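Order of writing sets the chain letters: A, B, C, D, E, F and G. Residues in each chain are counted from 1.
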């Protein structure tokens, strides 16, 4: 059971991370790429760490695994926010399929002040 | 001047104490597990770097409360004192000294010069990195 | 008793740390630093006394027997270097009382100086290869700091090259340490020496030793690795230039002496008689030619450092007892004299407002004492009797002649003449000639303290140079003792490893 | 179990190379920062597999530190961009 | 593995030297950073056999490690070296910043000092 | 010996004393010189019987260096000349330069010189002799440059010093070699080792080196040119140093070492040729010169050449001639120089053609100058005549030498008349100053020395014992000298008379030809002097050229050099000690390790090649993270953590700094980049080989085994790395802390420090 | 009261991190936590309400994890399929939340929920800018965000600074 859980979490995590990498590769613009990493990437690494917790089921190790997961989940969205915001400041190219952008207009306004 | 980002500031406010806590944990257990004064000091420094990015140099300075150069000096002195303690026992400089204080049910409190030394390391690393980043950020603001 | 070996390192470190704690009290920092310098000097004297009684002094730090901990070792060479460095340390501090700007004092001049000295002392006393790297870095980073204090354009320009080349050398040194550790699994110099001796196949060791040679060659500013020195040494405040000139490159030379007597003596024909010898010869020739081409006092003095390094290298290369003793005598003498010449250039600067030879003149008339001190130092540097430099040169040349090495003799002698030439160039422009008009657009530099503080170290060092000549026997005895210890490393090894 | 570990190693290795590819080709700086973030996350993943593989649990501490500080690097880069850095720099 | 590591380290040295020759002070500093990394990795690699999964830690309840562990000494040395090079490189980074600020030049060849 | 050192001590107080009480200080110095003269003279009785007086003070016994005094007849003659003439020179100088601000200093240096000179001639140790030798060079430099505001003085002083010091260096080398061959620096001992020395394969080298030293000091061809230029010094100095004493030091040394080095073919020919050339040239230029001091300077050259030649000849006659001529020359030349100075002082010119009829204005000066000049010309019954007789006798060696000496004598007669007759007779000519009879201080020296030339000529037998002994000292064998005015009619006498007559004719021809004379005087500046000056110019041009290259500020080139030196040395060592190629075994490797290595490699490659700064920073971060992961894979948790943290901080730092810097620029051409890439790759390859070789050659187990075993047992820590950091090698860590603190201090200062006024 | 909760949390975290489950370790963690709080909280009281209700927070974390998993599946699909199905847009959402903590939490939650990514909060804290990957119906999307906002209000609201 432990082995199975470990293997499952490991594999799922690895697959998610691969997915994140693939997303990073395939998505057309910064914002969409970030969708991939901030979700799949964070969850993937979280799961893999969880696999460690499952493998050992020792309190000390579990605690550390949880700490890693908490930190990842706390930091990933903030980092994504920071990068996206910075991207707007410097003006990234958006995918041509983007429907609308309420932020950009205000941003330009704000900057021109 | 700093970018005003509510989200980053809020996250920083949560992360900084966590990081500091973590750093002290690394410091204390460093003799037995990965960690130690350097690593702990660096983690603490990254907490302050984070604070600096979220706020600005002056508030980081205030947050630190002690002048960072003096912090370095104190750290250096602590580390040296840790070395000199051995001389009082007629041993070579930097020879480790251990003191066990029994606390009844609470277990034993282990005090040692290596720990004191590591605390010195911690303070120096913290002082160093904060000195550098605050000075740089200030010049950037200027 | 052995704790005494620690003092020359620990005192300046302590002073440095305290200076940081008392960051906002420059005056207190000054007192602490001077106290530290005086104590270091006394402890060096104490070391000599102890050495006379106990032989080579070894302190096993942390109570760990060598080779497991770090050993501090004071043999005659190390002690002598410590003593002379402590004199320079004190002299520089006293000189700074008059000349160091208030700003630099408020921005860490004293902590940096103290810690640089700590690095120098550590380099002299350590018996551990990696620990030596650490001291090198302390010295280096402190010298970076001192080099840019003031923040003038020239300083920043010079600093870049200085930093780049020295970091390169550090990286090379560290690489070499790693490779050596990989081969022998130990870091204690004595232990390394013992283990290397026992290896049958010495080929790889000799090849690896070349990396040490290049690394130390850069530190020592040997040909053709000296570029960083003329680019930077003339730029900082004059007290800083003086202590750089006196101590930093000599540490490189000291380490070459240490390593190439204790550790790397596998193939003397190759390492010493071929490489070091020609490096030494070229270093002294190129250095002195470089000095002869300069038209500013500090540049002449800076570039000239290189030339003198060449002499020391040649002495090491010859590797006879007389040569090594001569080399050691040379190092000690050179530290005294070179530092003093920089101090004197500082006094000239504060009297005339320039280092440029063309803007100087008439000091012989206006400042006879300065003229005397300059002559004493400059002629000593050029090796004129009965000053210290004469005996330094004499011993080295005697050793060269004893080897019947005519080319080396020729170059050594020719360089000596050119040294005299470059010193007289300063004399002729700055001391003789007419006093120039002081132009309005370049304001005179202002002293920050009492001028007499500058004269104290200048007088002392000039007298020391003369004294080293007159009492050459006394100094030569120690140089011989040091050379004996270097050439019979088993004493050192036994003292450290206690076998 | 060991085959799962091997597969995970290989998967993460590919992921890492892909992330590096994005880091190298950009095109804009924020793209690179995102890649670096992902690389840090992949490092955490690697450490997790490694711990399961070798049983050296001490390395979990590396993962904690990575999780904490890689984020700071990202914020730092963002900070640079907002202070006037160039997008394609 | 040694061969692979040696290849990597050799490349890092090469890259570092190449960067330092580029005349740009920024690249100079980056070269130095790579150089520091290369050196650390070299010490790590040549110090002894590379061991997997054997950190030099003593488990709770034992007084010596239960298995052969990686050589801790080079690790301690590298740790020291990493921190030292951080200090030194930080200085170098700020130095180039300052140089550019004061002199306004990035090209090393325009940094020759012609006047006292 | 203390009497000599008191000279130095007196010199130290003189500038100060002179400022307070000028007369007193001059008096004191003169009194002391008199004491010196008398103190040494007390040994006359011993010395003239062939005894000697010795004193030893140890100086650097380990090197065989003593301060030793050995007073024999040769030394005593020199001591007499030095202290005797010195006595008058001090008096003369105090009058000549009266009222000059720097006179105190001049007297002090003069006193040091005198002490050095005394030390030199009484030394029995080669090195202590050398010490005094160099001291005389330096004092001479300072004295020639007395008029230090004039370019010419500075230049002449420097030239003189460089020539003599260059010679001195050769001399020192020669002495060292001599001592190594002969077994001691003790001169008397060496003199007893003549066979050993002359049979040594190094004899000719020793001789050449010592000759270079001696001949440069004594201004022998081709190193003679500095002496006429040294006339830039005030006349008292010229009279004393550059005529009577210092320039004789080289001659003295050769004479002193003659028993050890002399008597060989090489010695004979080199001294004969160089001395003969100098003699002839000096005499000719002397006769053709117009400047009083130059005439005398060139004639000094002639005398020095003569002395050298005599030493070379080495016969009994030559040795006798040597001693007599030496003594006679010092007396008359000192007198003439002082007279020349007096004339210069009174008239303001030194051009003999610009003066006339001075005899009436300054009759006493005229009279004594004439006496000295007659001795100079070799007219009986003066001492100079006796000297010349001996000289001609020695020259009988060969007709060629005799002819040479004779022609020189002719020129010298003409020169003597030019000095002592031309300015004083004929019609009075206006000069810059209106001449009067000179004060006593300016006359006394000339008067006494000229009188001595006359008196000792008449009472020549008084000198027999001491001259005999001195000649024996030079010869290294018993020799007797009998001085008399009349030797009967012999070839020397005839030649001497003929030279006198022809000399007068020559003078008559020359006295109206000042134009020709200028032209000939200029000739002296060609030849060796031009070569010497050109050599220095070329050398300095080369120095400038090479220092422009060496200090070009081109970091790329510097790194190239460093890389090539490293490669060269390693390659050289590898060729000498070929360790064989390392084994290329891939060993155990894992796919993820390879992947991480590839990532690190690619990230590094990108960092090096990209033109985007932050891209490079990010790639650098990726590289750092990969390295951290390698640390994880190979069991270094602490390292991995530190690496991650440091890498992050570095990135932050770069980011904080970079945005003020310009974007990446391409500074080098494609060719340059390829070259650089080439050398970088070779360096990288070298490192690769190092790693493989060392990995295959772990000769010993690491000491860390002990550390691991005792980590918990003694040091009470379970993390061995941390135990090493805070216990085994805590000093490293302490040092590292200081590095950090210093770096922060430096950075703080760099950023925050307000710019100072430059 | 608030400080105490924070402090307990710190102590627990300490124990967890150290893996030493005894009273001594807890007390040490408590003391260290106390000093760190003293050090940090005085200046930034705004984040403490989040930890005031520890159980709520735990509940919240679970909800958060769930969202994270769901979000990934949708994105994964788009990544692995060759054609991009998305219709990205940046929306401006009105904020009714007022405390910084709530806003930040809301923003982060949006980032981890399916197909949305918080870009920024307007300086006046009135608007949130969100990047949405699949904008089928803007009104509907805005309503979903409003519902999420309400949930946060319920979870961590009821507390005013």
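To be clear about the criterion, a residue touches a chain if its C-beta (ideal position, glycine included) is under 8 Å from a C-beta of that chain, and two chains touch if they have at least 3 such contacts.
Everything numeric here is computed off the predicted structure, so don't read it as measured data.
By the document's definition of touch, common neighbours of chain A and chain E comprise B, D. When the partners of chain B are compared with those of chain D, the chains appearing in both lists are A, E, F. Interface comparison, C-E versus B-F: the higher count of C-beta contacts falls to B-F.
Summarising the inter-chain layout, the chain whose CA centre lies farthest from the centre of chain F is G.
One simple way to say how far apart two chains are is to compare their mean CA positions; for chain D and chain G this gives 23 Å.
If you average the CA atoms of chain D and of chain E, the two centres end up 20 Å from each other. Taking each chain's centre as the mean of its C-alpha atoms, chain A lies 15 Å from chain G.
Put simply, the C-alpha centre of chain A and that of chain C have 56 angstrom between them. Residue positions of chain B touching 2 or more other chains: 3, 5, 7-8, 11, 14-15, 18, 22, 32-35, 38-39, 43, 46, 49, 69, 72-73, 76, 80, 93-94, 96, 125, 128, 132, 136, 140. Of all residues in chain C, those touching 2 or more other chains are 13, 16-17, 20, 61-62, 130, 134, 137, 141, 144-145, 148, 151, 153, 157, 160-161, 164, 168, 175, 179, 181-182, 185, 187, 231, listed in ascending order. For chain E, the set of residues that touch two or more other chains comprises 20, 25, 28, 38, 42, 46-48, 52-55, 57, 73, 77, 79-80, 83-84, 87-91, 94-98, 108, 111-113. This structure has the following touching chain pairs: A-B, A-D, A-G, B-C, B-D, B-E, B-F, B-G, C-E, C-F, D-E, D-F, E-F.
By the touch criterion given at the top, residues 3, 8, 15, 19, 22, 26, 33-35, 39, 43, 46, 49-50, 53-54, 140 of chain B touch chain D in their complex.
Taken together, the chain F residues at the contact with chain D in this complex read 590-592, 594-596, 598-599, 602-603, 606, 610, 612-615, 617-619, 621-622, 625, 628-629, 632-633, 635, 637, 640-641, 644-645, 648, 651-652, 655-656, 658-659, 663.
Here chain C touches chain B in the complex through residues 2-3, 6, 10, 13-14, 16-23, 59-63, going by the rule given at the top. Across the complex, chain B is touched by residues 637-638, 641-642, 645-646, 648-649, 652-653, 656-657, 660, 715-719, 721-723, 725-727, 730-731, 733-734, 737-738, 740-741, 743-745, 747-748, 751-752 of chain F. Considering their complex, residues 130, 133-134, 137, 140-141, 144-145, 148, 151, 153-154, 156-161, 163-164, 167-168, 170-171, 174-175, 177-179, 181-182, 185, 187, 231, 234-235, 296, 298-299, 354-356 of chain C touch chain E.
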